[in-house]
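First comes the structure, then the notes that go with it.
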Amino acid sequence: MFQKHNPEIGARPGTLAIPPDSPFPKVTVLQYDEHSVDRFEIEDVSELRVLEDKRRVTWVDVQGLGDEATIRAIGDAFELHPLALEDAVNVPQRAKTELYEHHQLLIARTPQLDDSGDVRAPQVCFIVGKRYLLTFQERYYGFFDPVRKRIVAGLGAIRSRGSGYLAYALMDAMIDRYYPVAQRLSDGLEELEDLVLESPHPDVLARIRALRRQLVVLRRVAWPQREALNAMLREQTPFFDEHDKIYLRDTYDHIAQIAELIDSSREMASDLAEAYLSNVSHRTNEIMKVLTLMASTFIPLTFVAGIYGMNFEYMPELASRNGYFIVWGIMISLATGMALYFKRRGWIGTSPPPEFDTDNSD
Amino acid sequence: MFQKHNPEIGARPGTLAIPPDSPFPKVTVLQYDEHSVDRFEIEDVSELRVLEDKRRVTWVDVQGLGDEATIRAIGDAFELHPLALEDAVNVPQRAKTELYEHHQLLIARTPQLDDSGDVRAPQVCFIVGKRYLLTFQERYYGFFDPVRKRIVAGLGAIRSRGSGYLAYALMDAMIDRYYPVAQRLSDGLEELEDLVLESPHPDVLARIRALRRQLVVLRRVAWPQREALNAMLREQTPFFDEHDKIYLRDTYDHIAQIAELIDSSREMASDLAEAYLSNVSHRTNEIMKVLTLMASTFIPLTFVAGIYGMNFEYMPELASRNGYFIVWGIMISLATGMALYFKRRGWIGTSPPPEFDTDNSD
Amino acid sequence: MFQKHNPEIGARPGTLAIPPDSPFPKVTVLQYDEHSVDRFEIEDVSELRVLEDKRRVTWVDVQGLGDEATIRAIGDAFELHPLALEDAVNVPQRAKTELYEHHQLLIARTPQLDDSGDVRAPQVCFIVGKRYLLTFQERYYGFFDPVRKRIVAGLGAIRSRGSGYLAYALMDAMIDRYYPVAQRLSDGLEELEDLVLESPHPDVLARIRALRRQLVVLRRVAWPQREALNAMLREQTPFFDEHDKIYLRDTYDHIAQIAELIDSSREMASDLAEAYLSNVSHRTNEIMKVLTLMASTFIPLTFVAGIYGMNFEYMPELASRNGYFIVWGIMISLATGMALYFKRRGWIGTSPPPEFDTDNSD
Amino acid sequence: MFQKHNPEIGARPGTLAIPPDSPFPKVTVLQYDEHSVDRFEIEDVSELRVLEDKRRVTWVDVQGLGDEATIRAIGDAFELHPLALEDAVNVPQRAKTELYEHHQLLIARTPQLDDSGDVRAPQVCFIVGKRYLLTFQERYYGFFDPVRKRIVAGLGAIRSRGSGYLAYALMDAMIDRYYPVAQRLSDGLEELEDLVLESPHPDVLARIRALRRQLVVLRRVAWPQREALNAMLREQTPFFDEHDKIYLRDTYDHIAQIAELIDSSREMASDLAEAYLSNVSHRTNEIMKVLTLMASTFIPLTFVAGIYGMNFEYMPELASRNGYFIVWGIMISLATGMALYFKRRGWIGTSPPPEFDTDNSD
Amino acid sequence: MFQKHNPEIGARPGTLAIPPDSPFPKVTVLQYDEHSVDRFEIEDVSELRVLEDKRRVTWVDVQGLGDEATIRAIGDAFELHPLALEDAVNVPQRAKTELYEHHQLLIARTPQLDDSGDVRAPQVCFIVGKRYLLTFQERYYGFFDPVRKRIVAGLGAIRSRGSGYLAYALMDAMIDRYYPVAQRLSDGLEELEDLVLESPHPDVLARIRALRRQLVVLRRVAWPQREALNAMLREQTPFFDEHDKIYLRDTYDHIAQIAELIDSSREMASDLAEAYLSNVSHRTNEIMKVLTLMASTFIPLTFVAGIYGMNFEYMPELASRNGYFIVWGIMISLATGMALYFKRRGWIGTSPPPEFDTDNSD
């Protein structure tokens, strides 16, 4: 849950903590305006310096952080603030936004469920300049493919807008990915809802707890994202104009909706856990009732039988011809009496469920 | 609880996610001023372009979202922002308000209990322009019928006011519908209150939980509505004047009152669940007491009987003529001793409920 | 808990929802300045129009809302905003304040415990104008009698102050009534405190829950009142001058103190419920211990007796002359062994309560 | 917990609710500047009028509120606002600050543990004028003695500063007294920590609850104090200059630290209560295990013995010479089987506590 | 948890509460600019007065607070505000920031786990002037060694920046130390996660509680730190320029991330405790089931055996040749009947865990 490749304690700011298993950076460039699109990969990062283009938007996508020299070269090419570069490489971080003089940094994270059901949240770092956008990913994730296709195909308004709008579009594509994860967890809750009532196996509780844990992690990813987007909306920034902000507000609405969904899901998971426990306690109760019935009925009877199993030489009842049958009579009366008592206390027989006013239609 | 027909991940903004089972749009227009009212249906949406009327208020009500072309044509006729159109069609969303350059978007939702007791919250999208109001509903809901009647009948001030006041009147009619739902859930709580004490059947707990779940959903609908109305009141907007805002504040008071009612109901539902559980545990306790009494009393007696059921050749007591009666004496003393002990510990007999100072009159 | 006589859904604003059992309005007028006081009842509401008096304060107290025509006539006489009149008549509402152009509306509520211990909160509506004050009560409550006496007697500064100060004085008299209710609930808690430890009867828990419920309702009345007063203090209003606000701040301090008291009482009620439950569980524990002791001790003994009650033809022990006494020896050893084991586990004998450092003096 | 001597309901503002058992006021005056100190008691309160001294600070300390005429005379001498005088006399109140035209009112409270362990919080009212300070105490408390000594001895900067600094110094002396109370409660928690594990007697739980209750009351005293100090720091006031505020900020830090300590203590008290309950439930569990073991092992054996205690004329086993020994064999096998089963389920023998990685050193 | 060496109650402000076991102050000075570094220890504190150097940054590090005269001399040399000096010496305090006229005070704390697992949080006081920085530590902690090395080695930008940046660098080095502590507690949770399910020994619960307690203390250290950093960022201060604030914002992000991690860890610890308790209750349940099965099955059988162990002279069944076998038949039927009943109620045999849809891959 918490594995951060921090620089060592007291390291100087700007120290890059390269994630140990990140591949060698692959740098893809997309330059476009309304009329044309160029897409190419760059081998030698020094070429980046000559890429600047006042008329077109330049998007440099860095996949893989595994080589410090390359990363530093990219940072130099765009004159990035040392802290911005550090943030781009240090994973994972909280989603946030940071405004520097010549560029704005955004950290966004997208939740994914891995095979063991743990919530992972790979991070992407955006650095938005006036005419360019840099994105850093730890490895290739595919979050950006739909947007890249839209640019190449020239669909929508994206080709005629600046780097701020591009950042919005990529961010929005990432936020969209919260929905299926939240949906899956929500579906898991529905499934457990039925299991809780039918088969109160301890595994069901373990599963509820696992789900709650996933929701805690998901919440820890989603809320800073919500805050970061809110901060972007309130901030005066040269990199996002009013038009872009209308779109960002839409993205903010999405993440706010997801954050609320996570919170109600958490509440429901707690409810489920409670329901499970009260169901278990109901069963214990039922078992206790049977034990009490059996024991309380037969213990006195056995005592009576024990009495007449005694070997005293002088026990008048034993000689009586009807003694045996009278004892049977006493025992049956005793048993009936107990049964009636239990019945009166409501301990025998499952009472029918109470009638509810079930007319729920509005 | 969470079924949103989202556009696919990474779709470009403005993509319409038409709800799959929504009927073909039926477009009804109402144009009015103080002197006259016209009401007609429109078959060909292109007619909308010529509808504009500086002196009269034009209300276009779209029932059904089932045809993208029609929806887009309406959007074009009123020059709607692509995101506004997307919000109008994407259901369900959080209640919200969004200010665009030429119009303001409002999303409102109204809770309904369906047959299975689930809380549904159909959404209506309002787009308020200077002299027009557009409303989009997924299908015909009937929320607006009372207001439409008031306009046609010319009752109240509505005919002499602008599009902002019309939006308020429709919104208010929607908020009014929260009351019966909250009322029904509140009544359900009262009913359960009695059941909890009388018949602690697990179905009662299931019912409490269902109610709490309904309240969670209702809360998730009501709070964003409250926030959205609050945002509208604070916002500077050309579409609602000061006079309209006085009325909106009244609507805000209603939703605030409902939100508070929901919160206290939730608290009471939690209290009920606790009461149920402690009632169950009280019963278990009672059962335990009976078992303990029976077992603890008869087990020693049975032991005594067992002793004299042994077949040793030399057991002096057996030969004694009064042995049998002495043993009876011992047994009765033992039983009485146990009973007295239990009495002293307060385990026998239900103690009378404590006396309370019941003078509650003020 | 929630019975509001709402206008029907979608009714136009300003529709009056006359409470069904409210008596016919009785209108009492008090006009005063430093030198003189006039007090009279009005039969024909149209007389109100000529009452205006620039030099004197006019207080019109309406007791009973049972006639729509009269209420509307009063509204017309003072040119009230339709929403203000609606708020005056719709009961119950949240405490609030609303500023209109020519008058300010205040809703205040005062808690009362009725005979069944339910918290009622009758509402009074104040409409404060420049030189007049209107008060609407559902029926005669007597909240205002002390202030009316002070005006007539000319005590205090009230005769020389305006309508804002009069509104403050009446409001303050209402807030004062929170104290005895909060006090009674707080006393109820103290009383239960002792009962919880002495007699853990389920009625005690029911009573704690009832108290908590009363506190929930009281809180729902008190917090909006606090907010409303706070809003009045922050608001720029022509109806309350700085001097009046100093007094209102005092009233605000009272309601804030009450709100805090309610919150700690709620916390203590929860604590009490927990204490009750742990006390019950302690008793169950004690009962279990006795059962275990009796059963665990006698079950093996009974088994031994059972052995020698068998009728095998060849059982060497039976023939032994000391067999019977040896068995007794074995049984006594067994019982002693069990008792020692239980003693060692701390299950026999109630351990003395631990010693605390009881020097609490400061 | 809540005994306020309120004026009667609807009393006019400024009515003094003299605490019934407060002694007759003793009025002590201290006048000082850098060069000289005068200290004297005043018998006739009218002398106060001539005390004013532009160059020196005048501190009038009123101990005891038991005479309304005297209190009113003091109020008149300093031209106090009627509400300020009312606040000075009404005990107890929330800590607060109130700014009047010619003076500022501060209410401060200091917690004390009385002999029965209840938290008392005597109140002191400060009224700060330009060159004078009035303090009202219900009786002599001794809070101010250290400061009085510092003034007389001329220690520190206090002699050269104004009335605001004097108010700060007295307030600070009061806040200092929170520490030992919070410390004692915190120590009580530590002591209980051990008891919970060693001897889960119900008195321990009662004690935890008492402590939690003390913390609730302490919190109710400390938080308004914190808020009041915060309000003083933010407020523009002619009675405290920037220099005084630096010192007040220090006092604010103290009360904030105490408030936080109270909150974590409350959390720990809740934790302790939980620990107690789970410890009790663990013991119940242990007892259940023993009962189950004994009963489940011996009940079948007793049954077997019962079988061969039957008196049927034809029971082939009874005649067998080895029957008795075979039955013993069967019983021993049964007992061993049960024991093995219980062992396998982990119900016999206390498993050793799990090994933890105990290397906690950093 | 709360051992503060406070000055005595009512002591005058600026009184130094020297921690009793703090060593004699060792004063180390580091003076540097871009070109040179001087490092020396000072024996006679009066030398500090001549140290001032407009061009170079002077860092005076005081290790040990054990001599009041030395501390006061340092305070005089830098003309520190008496409260600043008091804060520097009083340990522990909440992290905070305080702006004085000529310098800014910062209190920072760093958590450490001591051998017994308690969270300690030694405090460092920073006093930042225009060209100098004073740091006060209770004893040598080694927090600053990495930064000192960087200055001496001339690494990074630190040599070319002012005293504000130096304060940032040291603070950042301290905040970095939160990570390993939070990491260790987080790891401890993971370890307990498994133990809870495998061996629900009460020591596991004790350990969970200990961890929760550590987290409570850690939270109490981290949150004020977060607030203090936030206050520094918002404050207008001459000691930190915009450039320094960008770096401080980075440090703020770290502490915010840690604070969030602590909060989710606390939530998970609560979850674990719940899981432990429900696991224990599941086990009790299992034990109850076995007891019920054994007792309910054998008690009736034993009763039957008891019947035919009675010694009545006339019991027709005893004489029957097949009586014994018929009784066996009855017993076996009874036992089978009970077993079937238990099976039907789901009390026999552990039901297989329910199948989950385990496809968690996204």
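Each chain gets a letter, A, B, C, D and E, in the order it is written, and its residues are counted from 1.
Everything below uses one rule, namely that a residue touches a chain if its C-beta (ideal position, glycine included) is under 8 Å from a C-beta of that chain, and two chains touch if they have at least 3 such contacts.
Computed from a predicted model, the values in this text were never measured in an experiment.
Engineer: Would you mind naming the chains that touch subunit B and likewise touch subunit C?
Structural biologist: For subunit B paired with subunit C, there are no chains in contact with each.
Engineer: Tell me the angle, as a multiple of 5 degrees, of the rotation that maps subunit C onto subunit E over the C-alpha atoms.
Structural biologist: Rotating subunit C by 145 degrees superposes it on subunit E.
Engineer: For the two copies subunit B and subunit A, is the contact made of the same residues on each side, with over half of the numbers shared, or of different residues?
Structural biologist: different
Engineer: Using CA atom averages as chain centres, what separation in Å is found between subunit A and subunit E?
Structural biologist: 24
Engineer: Hey, how far is the Cα centre of subunit A from the one of subunit D, in Å?
Structural biologist: Chain centres of subunit A and subunit D, defined by C-alpha means, are spaced 39 Å apart.
Engineer: Which residues of subunit C are in contact with two or more other chains?
Structural biologist: 180, 281, 284, 288, 291, 295, 299, 302, 306, 309-311, 315
Engineer: Touching residues of subunit C toward subunit B in the complex: what are they?
Structural biologist: The contact residues of subunit C facing subunit B are 1-2, 4, 6, 8-14, 81, 83, 86-87, 93-94, 96, 98, 100, 112-117, 180-181, 184, 188, 191, 195, 198-199, 201-207, 209, 212-213, 216-217, 220, 224, 273, 276-277, 280-281, 283-284, 286-288, 290-291, 294-295, 298-299, 301-302, 305-306, 308-311, 315, 317-324, 327.
Engineer: How about subunit A: which of its residues touch subunit B in the complex?
Structural biologist: Answer in residue numbers: 143, 145-147, 150, 155-156, 158, 169, 172-173, 176-177, 179-180, 182-183, 186, 190, 197, 246-247, 249-250, 253, 256-257, 260-261, 264, 267-268, 271, 274-275, 278-279, 281-282, 284-285, 288-289, 291-292, 295-296, 299-300, 302-303, 306-307, 309-315, 345, 347, 351, 353-354, 356-357, 360-362.
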